[in-house]
Each structure stands twice: as structure tokens, then as C-alpha cells.
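Below you'll find a set of structures to go through.
The following pair of complexes shares a single chain, chain A, combined with chain B in the former and chain C in the latter.
After this line comes the complex of A and B, so read on.
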């Protein structure tokens, strides 16, 4: 168990964390490069910048949408996101590990706030999962990863809470820590390759759609050639 | 995936791995990344990257000489690739040198602070000037792609011929001066390689290698892009190489004969094996291949012949650069995987730039067309996610970046964390002092130690009451614990508290909340003091105050303890009766003859007279 924990906290952590950071950077760069290329090729270069930016901001900070659209779901989702992002980054124990490992740390949450955020994340994550399963309209739109993600995301929160607060014996502590670390690492690895990649792609979601519909001039002929229907009506 | 994609994916992965290691090299230093030692300060990066890199770049000056000076116009298709290869070769040398230098940010010093007596000064200047010349020689090629830079291009083209001449001159200087570098180590380099004409040998072999490197590069890049091999040109270069390599062999053996060293070839030693292998691979076998018209014109034989010369010449440079010094230094250096990763990463990066240039600029007579980049190719979908893989250009980009990211992450993961954090400081555990009234203090058991008169110190300092004067901390259930219990590493500070041991089920089996207060962040501040459980941890009257539980390294602790006390004692005494000043370095650190060493240690350390023994004026046999 201890050897496994050492491995999970050492090489496996470095591997998965690097995959997450570099993988996110990779899709971000690929995304931007793709957009630049689309813009260069575009026949019509007029971009409604004002509208695009305001829509992007609306989606990034969905204050307006809370009350218009399914208010309960929106509030749960927003609180879940806040806990999900803030807690791991500003948790004292995590920052302490960065201080020891790379030599620098940053501002941290007090234990009480961290505990509250952890519990809200767990509860709202569960509610989101139940919403997926329970609402038939949501079920119809869902892929397997949509059910798996809320569950996977709250596993490190549950195990982390257990480690941080329960007066458990060292053996239970280590088992719980192992679950915490391994589930966290699974999230790291899966993050850049699944829908969770929206954590970096979100700011470009509106711009991508705007650019994607700018077809290059005479692209219809290329499409026809590719489909072996040159000259025929497409 | 087609051939280009496979090759590029592998190269990007190697670049990723190399980059991970390069980051660790600059963050943690050479000691943590390489297997280099004081006895072997030049390793793979010098032997392969710098020495062989310069040699492999020789194609540039050889082909430009053939084309511009001998006016052999048929070699025109090879000029641009050769100059580009040479340029990238030199850039690779510069990269590797920066990685290898201890203080790379001082590289500019040689431009201001001249030391004309140093061979490295000449090497440095030549690399700098020739890289600039190659850049100027090559830059018209990328500039011709847009008309915007036409003026600059025309300006540069005016100086083409002087630049070529300057390039050939600098190469001649530089290829040979890498050989001159080793003239200053006649006792380190094996006699089969050490000769006063080493610079001349380096130059001749560079010419032969240059011819074959251009051939090999032409064959490989042609294979990658499925281009018809330039067989007739390679055959001509091969024919020329036979003459050059022939001259090389004659000079090499005549020189050995005059020096009377020919017998060493048959000595049956490791070096004689290296020598024979080097001569066969680098010169003899390729000469047979390219001298015979039947094999010279066949592509398969051309691959074999040119590869052997390239491999053999690299082998030769590595031999001179360090492999044949091993028996002199007695330091069995083998590069760490991280050194290999950097070398391969730098080379891969240069090949990628080469392929990029071939695709984008007019390097070849006919620019290669990427098969998958056909705008009318059918789109493809990934089987797993049903995701559109997009236009083929995007598919390539997706694959390369994935390979790069994955390799970079794996690089970070497999780095030896402990070695990195120790900054390359050796992990040497300490063993207990042995003896009775006199203790022999030799923590790392290397045969050099201190004969410490323990009983004498007890008597002098006041009997049993005086233990706490030195023994400032007890292990649990112990009294006057030995130094090695906490100061358990020779050269590194150690955490004597061992938090993880306390929290481990197989160790102390203590739950978090037994020490740390509830509702607070778990830090040293929120924890109970050690003495609240271990009541006898600090003995009453201990004179050394514990500031933290990071126990200094054994060597530091011992020096502080002995010197600190003796300095005080010296101040109290008016004079030192018959006894030397034990607070002075030279009192203990005296050169000792081999008779002070155990035979096996003497054998292991090779040169006992260079080491210093620590013996304060008495030997163990005295027992005083």
C-alpha cells in the first residue's frame, strides 16, 4: 500500500499532471491555430466582434441566465463549478505540497471554508448526477461520459474530506488517500480528451462557431470534387 | 499513417522527451541529470553532440567546395540540402554546448575576454563565425519564397562566393582545431589515438565523412518522401570518398608506425578492439563497397556504405572524446538515459526543421508534395470518438502534438525524483562509529576517518555528567544515542523527525488528530511538541539547542562539533602543550601515505596519494 501510494504521489502524479497541463495547452493551441487558418481562408472576413465577446462573457459568467432558464439547475451547476475549481487550487494541504515540491505557494482557504466548499461540491455533484438520470429530456441528450463525470469528479472530494477531517487510523487514512490520489489522476488524464476540456476551450466557444461558418471562396467546388460529384448538383 | 507522418511523430516524441530532461537539467543542474564526474567532465554531449555534430556538418563545406570551386555542376541538387544540414548541425552543436556548459549564460565571455592560448577559444570562435556564415549562405533560400525580401536576397547573393570561401576556410580551421583540443591531454588519451597530427586526421576524416554524410542524408530524406534516390551522384561521392578515406588510412597507419605504436593494435585490450572496429567501420569496409563498381551503383550498398562511414566517424569522435580515456581515469562513465534523451532530442529537432524546410522552401529541385495534404482527400473520422479528424494537415498536427505532449509528460514522470531533489549529491548512508575507548569515526566506511579518543574526552570533560555535552538528543528508550542515528546521511541534511514514519501503519501508526489539533491546518505549528510524547528526547543540561528536526549532514555535524568545541578550548588555554591546534583544517587533513589505507580501499581508489586522511596525530594502534 505504501509503495503504491509513493508511486501514485510521485511518478504517476507527475505523468498525469503533465498530461493535463500540456494536453490542455495542446488543444488550446490547436484550437487557436485552426481558428487563424479558418479566418485566413475565409472569403468574408467580417467578424461581429462586439456580439461575440458579449456572448462569450454571458456564458462565462452566466448571471443573466440564472433566472431566465431553469433557475434551480443553473444555481446548482454554478455552485458546483465554484467548489470544483476553487477548492483543489486553494486548499492548504495542496499548496503546502507545491511549496515543498517546487518551492512556491499561494493564498489558501481556511479549513472551515474548504470543508464547506467540499461538502457543497459533493452534494451538488450528486444532484447533477440525479438530474441527468431522473429527467427524461436530459437522459435523451446524454452520452456515457455525461453520467460518469459528476460521479468521478466527486470521488476525490469525498476521499479528501475523509482524510482531512476524520480521526481515522493510519491504515484507513492511507487507503482513502490512495483513492483520492488515483481518482484525481484519472481526472487529470481524461480532462484534455473529454468534454471537460471546456475548462480552457470555453472562452473560444462563441468565436469558433462564428469562424467555422466562414467558408472559403469556391469551397463548394472542392466539396463536389471530394464527393466525386463534380458538375452534378450537390 | 504514411512514412512522413510516422517519422515526424517519432521525432516529435523524442523532442518532447528531450525537452523534459532539458528543463530538469537547467532547474536541477548537471549532477542531477548526468553521470558526469570530476574525472569524466566531458561525456556524451561533448563526444556525440559537439564533436560528432561538427564532423557530421562537414558535408556543407565539402559539397560547396566541390560545386563552387571545382565547378562540378552535376552536384547542384545536393548543395542546398548540404548547406542546410551543415547549418542545422552547427545549431545542434550550439544547443548541446549550452546544455553541457556549467554556466551557459557566460557563453558570450569568449567574445570579450580573449584567451588566445586556449584551444577552446579557437573552437568557440570558429563555431560562432561558421554558424553565422552558414546562416548567411542559406538565408537566400527561405527569402526567395516572398518578393518582400528580394532586396536582402540580392544583397546576400552578391556575397555568395566570398561566403563560401570563408565557410571552407573556417571549417578547415575548426574541424582540425577540435583535434587540437586533445593535444593538451597526452596522458589521458590512449596512445592509439593520441598523436601530434590529430588535427590533420580530424580534418581528413571530416572531408571523407562530409562526402558520405551528404550521400546518407540524400538517401534518407529521399526515402522518407518516396523520392527517386540520387544513385549516380552518391556513386560519384562514394568514389571520391574512397580516395579521401584511403589517404586517411595511410596517414593514420604511417603515423602509428613512425611512433612505434602499431603493436598496440594487437595488444588484445579493450582499446585495440575499439581501434579495429573503428578502422573497419569507418574506412575499410566502406572503401571496399565504393571501390567496386558493382556495389557502388546499387542503392542498398550505398545505404550500407554511407551509414558505416557516418557511424564510424561518430564512433571515432566519441572514442577520442572520452571512450578511450576510461582506462586512464578508471572512471567507468556511461551516459544516463537523460543524457541520451537530450542528444536525441536535439538531433530530432534539427531533423524536423530540415523536413520543414524541405516541404516549405526550394531545397530540392522538385518540392515534395505531402500525399495526405491533397485538398480533395476524403475526410476521416476517429473510430473511438467518431470525431472528425479533419483535413490531413490537421491530422498530422494533431498526431505530432499528441506524441510531443505524451513524451514530455513521460519524461517528467520517469525522472529520478530523489536524485533531482538532492541536486546530484550522492546518497551515502552513515554507519556507526566503532571501537571502545577510542572510537574510529568513518561514516561512509571508505577507510579515511578520525580516531576519536572517547574515553579521554569523558575523563577530561567531567565523567558521566559530561555525556550531554555532545549527545544532545536521545532516540526513544535510549540514552546518549549515537550520532549516526539522526545524522544518517554523509552529505545531505536528513529529517530526523520522520513524519511519514509516524503516520504509517507499519511505522508509528499514529492518527493525524493524535498530534494535530482539530479544525486547524495540519502544520508543525498546529501539532503537539515531540517532548509531549517522548519525554526523554532532550536530556537535561544538553548544550546544543535543537532549532529544527532537519539534522545536518554527518560531515557537517562532525566538523561543527569537533571544531566548535576545540576553538573554545584553545581560547581558554594560554598555549597548546605538545598538542596541535585541532580547530585548524590542516591538523587533520594531511596527506597520508598508502600505508594508512586498507589494501582493498587502496585498490578501489586507485590513487591513494591524492586523497587525504583524517588522523589527528595518532593511529588506532596507539590506542591513546
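After this line comes the complex of A and C, so read on.
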């Protein structure tokens, strides 16, 4: 068990973390290249920057949107996202590991705040899962990954909480830490290849839409030629 | 605002088949709108070929890649879709509608998707899927509310737009739109309503006489006047159905003295390309630009029409020179500027009845024109009220995306598409619904009729026409010999029409 844990915390962590970073960089670069290419081809290059940026910010920090529609779901989802992002990055124990590994750390959460965020993330993650199972319109849209993600995302939170707060026996601690590390690593690997890619792509969505409506100029003939329809009646 | 589900009875009526069974069988297509006969063999292959050709020459690909990577399937868009709210059918959830096309893209145009599909032998495009898209994409009113409410920013409206474009390339597009467009681009008259130039000239002369009689002012429709500041393109159907809007616009120009003209070379703002084909969109905006240049006009002016305004404003620059393209204005912008500049005088409280304003999606969603018509209306109406929600969050009339022109689906439009709008109109208790859009006007008239609402649908300029105060020097002296009117109306400024005459 100890050797496995060492492996998971050492080489496997470095590998999966690298896959995540490189995977996210890949889609980010592809996205930006796509946008630049679309802009280059666009017949009209005027971009309504004000509206695009304000709509992007409205969704990155969706305070204005919370109460408009489905307020309970919105609040649950927002709090879930806050816990999910803040806790692992600013957890004291995680930052210590970074300090040991790379030589520098950063600001950390107090244990009480970290614990509260952990609990809320677990509870709201479960509620999101139940919402997906229980609401017919959500069920109608759901793919397997949509059910799996909330469950997978809360596993490291549950196991982490167990390790940090419960006076459990060393064997249970180790097992729980192994689950914590492995589930975290599974998330790292899957993240760039699933819908969680929205963590890096979402800030560009409004711009993507604006650019996509900026068609290339005068392509009627090109499309018609490719489809062998040149001169064909309407 | 949320609307309630339709009843079973309404559902049966709204979704009743409109086509003969033999046509459905011959075309191997079960949809509610009429389609001209098209080649039914090998549809999936031809759909994919069309999709590939469009991807090759367009800017859609990067957006589809972006969307398939991050679609979270949260179902929030369902709260925005008036069609889904009325039907409760999961197939009408915008995200589900988008997935129809995204799944084809993923399976056939991405490496991971095609490898997985080939290994598992699943997900390939079938006739049934095409049938599903043909039904679903035309249930949508293209109002774009869902796109605004997607937390991760998926533009469902763009996806539906693309889906309709691909379908049209294999022959699946509503006949009503195709036939009109054919007349516009290839027919003798060169416009969607097939109005010949002599008939246009006659109509305008008749309206001029009418206005002179009513207002005692020589209000003209300048035709083919070279070098005018504005070249005017209304929805051509306005010449047949919205005379009062046109009269109001002519009256505004007469009062301000600015130069404008209608070209006989081309005078139709309608652009169904926005609804079903980027190729048509391009050809029509090019005609608008060419006619304006032929007349040496400075600016393109679009009448009271949402889709015509959006297609010219946003796609004329795309195809006709980018930042060097002719500037495009909507008539409401012009009238507002003239009024603000003091060139146009309006009679306060000229309209005593309750008035509300319907934002056309194609004008309001991108926050283009929101306050100008409201300020104008508040200046002339004694009792102006808002619908809720409004402005960029407005609810579609239910006939958007070209569906209003498909007469055979009227029961669907007024029972399903327009249900939320009907609720919204009822809640205002307004007598006049101002809808500055030819499509919205037609749909809303049918909607209030079918839903039994006592309200009248008018254009913004219909009401302005009643409230314009012409400068004294424009008002012609009365004919003294046979003047029956002892009050001699010419001696005093023209009064706005009374409320009673507005109802006639």
C-alpha cells in the first residue's frame, strides 16, 4: 500500500498533472488558433468588444443571473464551483506539498474555511447529481459523463476530509489517501477530454459566437462550386 | 416570464399534419411544412457532403469544436425556450436540438468521434436523424434567448442556423421561403412578394394622394432619386400590407426635409437567407448594396423589419467591403435622431389608449435598438406600458426565424410558438401593440386573432403618423370653392387623429 501511495503521489502525480496541463494547453491553443483564423477570414472585422466582454464577465461571475431563472439550482451550482476551484488550490496541505516540491507556495485558507468549503462542495455536488437524476429535462439531455462527473469530483473531497479530520487508523488513512490521490489524478487526466474543458474554454465562448457569425466574404460561389451546383436555380 | 403547457386539444391542433400522406411518403420526410420535391436517395451522404463543403468555406468549424468540447448539458436553456415551455417535449430543449447537429459533427468531422464511431459501428448519420433535424430546426423561432442564457456560452441559434443551411443544400427548406427567394433572385419582379414596378409606383401615388387628403401636406415617396442620403428598403410586403407604416415614414421624411428614395431597381429588404441559407443571405445583401450604389445613395435605410435590419446591418459589411461598406440604419434610429435633433415635432398624448412595445428579436437581442422607439412612444402616448421581460430579454412573437411566412404551420405558431407572447400581451392590457417588424406584425395579428385577445398590432410609424406636427409652411391652403369643412382645417396645424379613427 505504501509503495503504491508513493508511486501515486510521486511519478503518477507528475504524469497526470502534466497530461492535464498539456491537454488544456492543447485545446486552448486550438481554440485561439481557430479564433484567429476565423477573424482573418471574416468579411467584417468589427467586433463589439464592450458587449462581448460584459457578457463574458456576466457569466464568469454570474451574480446578475442567479435569481432570474432556476435560482436554487443556480446558487447550488455557483457554490459548488467556488468550493471546487478554491479548496484544492488554496488548501494548506496542498500548498505545503508545492512548497516542498517546487520551492514556493502561496496564500492558504484557514482550516475552518477549508473544512466548510469541503463540506459544501460535497453536499452541493450530491445535490447536482440528484438534480440531474431527478429532473426530467436534465435527464433528457444527460450523457454518462454528465452523471459521472459530480460523483467523481466529490470523491477527493470526501476522502480528503476523512484524512484531514477523522482520527482514523493508519491503514484507513492510507487507503483513504490513496483514493484521494488516485481520484484526483483521474480527474486531471479526464479533464481536458471531457466537458470539464469548459474551465479554460468558457471565457472565450462569447467571443467565439461573435466571430462565428462573422462569415467569410463572398463564399456563395465557392460552396456552389464544391457542391457542383454552380449556376443552379435557387 | 414562464408560460404554461398547452392542453392536449391545443397540441392536437398545433401538430396536426398539413401535408398529404402521399407527399410525405414520396419525400420520405414527415414535417409540418411544405417542401418542394427533392432527391430522397442517399440523403445522409449528400447531407455530409453539404456539411463538409460549408465547413470548408465558412467559419463554423472552430465554433463547433469549441461547443463540442464544453457542452455541459445543464438544461438551463429550457427555462428560456418558449417552444419548450409550451410543449414540455424534451426534443424542444435548445441544447437537445443543438446536439442533433453537434453529434453529426462529432461523429463525422472529428478524429476521436469517427474513430470511436467506426470501432463501435455506431452514430452514423441516418435518414431518421435527418428527418429529426428537419422537424426540430423548424420548430425553433430563432429568437436566440437560449444562446443568451447558456452558462458556458453555447450559441444554439448559430447551430440551428447552420443546421437549416445544410438541410437547404439537400433540398429541405420550407417551400414558402424558397419560392419567394427564387422570385427575389431570379424572377421578373426581383422581390419576394412579386410586386412589379408599375404596381409599386401606383401604390405609392395612391398613398401620396391619401396622405395629402388627410394631412393637407404634400408627402411624397421619392422614386429613383439619385444622390439621396438614404436609400430605403422596407420588407416588400409592407407595400401590400403595411401602408400606414410607410405613410408614417414618408411623413417623417417630409417633416424633416432629409433626402431619401426608393429604387425601382431593387426595393425589397426581406432576406430569407438569414433563416435558411448563408448563400442566399449573401446574394440578397449584395443586391441591397448594389442598388444603393446605383442610386449614388449614402446610406442603406431598412424599414420596420427585424430580420431585414439584422441581415443588412450585420451581413452587408461581411460581404460588401467590411469597414468600407455602406452604413446601415434602421428607420427607428433615423426617426429618433431627427426628433432628438429637433427636426421632427410630435404631439404629446396623441394616442390616448394604452400602448405597449414589442421588441423584435433581431433588433433587440444584441442590444442594437432598445430605447429609441420607447422614447418616441412615450412622447406621443398617454398610457405607455412595458411588457415583461423586455428589451434584450424580450419574448419572441412566435413567428421568428422565417416560420411566420409558412402559412401551413399557423396553428403551431399561434398555439405553441406564440403562447408565451400571448400571455405577455394579455398581462399588459394594451390596446395597441407596437411591433416594428413585418414578420412580428403578421404573426402577432394571427396570434391575437387565434388566442382571442382584443388588441391591435401596429408599427411604430403608424402611430407617429398620427402625431407628427408639420411646420405651418408645409400645410396647404384648403380648396375654398367646395370646402365642406367649415372649420377649415388648413388654417390650423394638423391635429393628430382622434382615437376613434385609429380603430378603423
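Criterion: the second predicted complex is superposed on the first by the 218 of 234 C-alpha atoms of A that agree within 3 Å, B and C clash if a C-alpha of one lies under 4 Å from a C-alpha of the other, contacts with A are read in each partner's own complex, and residues count from 1 in each chain.
In the analysis below, contacts are C-beta pairs under 8 Å (C-beta built on N, C-alpha and C of every residue); 3 or more make two chains touch, one makes a residue touch a chain.
Just so it is clear, the structure is predicted and the values come from calculations on it, not from any experiment.
Peer 1: Identify the partner contact of A:168: answer first if only chain B is touched, second if only chain C is, both if each is, neither if none is.
Peer 2: first
Peer 1: First (chain B), second (chain C), both or neither: which does A:226 touch?
Peer 2: both
Peer 1: Which partner, chain B or chain C, touches the larger number of chain A residues?
Peer 2: So, of the two partners, C touches more residues of chain A.
Peer 1: After lining up the shared chain so the two structures overlap, which partner does A:134 touch, if you call chain B first and chain C second: first, second, both or neither?
Peer 2: Neither partner.
Peer 1: For A:70, is the partner it touches chain B (first), chain C (second), both, or none of the two (neither)?
Peer 2: Only chain C is touched by A:70; chain B is not.
Peer 1: Under the stated touch criterion, which partner chain does A:31 make contact with: chain B (first), chain C (second), both, or neither?
Peer 2: Second partner only, chain C.
Peer 1: Give one of first, second, both or neither to describe whether A:218 is in contact with chain B, with chain C, with both, or with none.
Peer 2: second
Peer 1: Just which bits of chain A does chain B share with chain C as contact spots?
Peer 2: Dual-contact residues (chain A): 30, 34, 222, 226.
Peer 1: In their complex, what parts of chain C are in touch with chain A?
Peer 2: 49-50, 53-54, 56-63, 65-66, 69-76, 78-80, 84, 90, 93, 95-96, 99, 147-155, 158, 169, 178, 181-182, 185-186, 278-280, 282-283, 314-315, 317-319, 322-323, 325, 366-367
Peer 1: Where on chain B is chain A touching in the complex?
Peer 2: Result: residues 20, 375-379, 394, 397-398, 401-402, 404-406, 408-410, 412-415, 417, 503-506, 509-513, 519-523 of chain B touch chain A.
Peer 1: Inside the complex, what are the residues of chain A that reach chain B?
Peer 2: My answer: residues 1-2, 10-12, 14-16, 18-19, 22-23, 25-26, 29-30, 33-34, 92-93, 96, 108, 111-112, 167-171, 173-174, 222, 225-226.
Peer 1: Over in the complex, which chain A residues touch chain C? Could you list them?
Peer 2: Of all residues in chain A, those touching chain C are 27, 30-31, 34-35, 37-38, 41-46, 48, 51, 55-56, 59, 62, 65, 69-70, 73, 77, 135-138, 140-143, 146, 195, 197-198, 201-202, 204-206, 208-209, 211-220, 222-224, 226-227, 229, 233-234.
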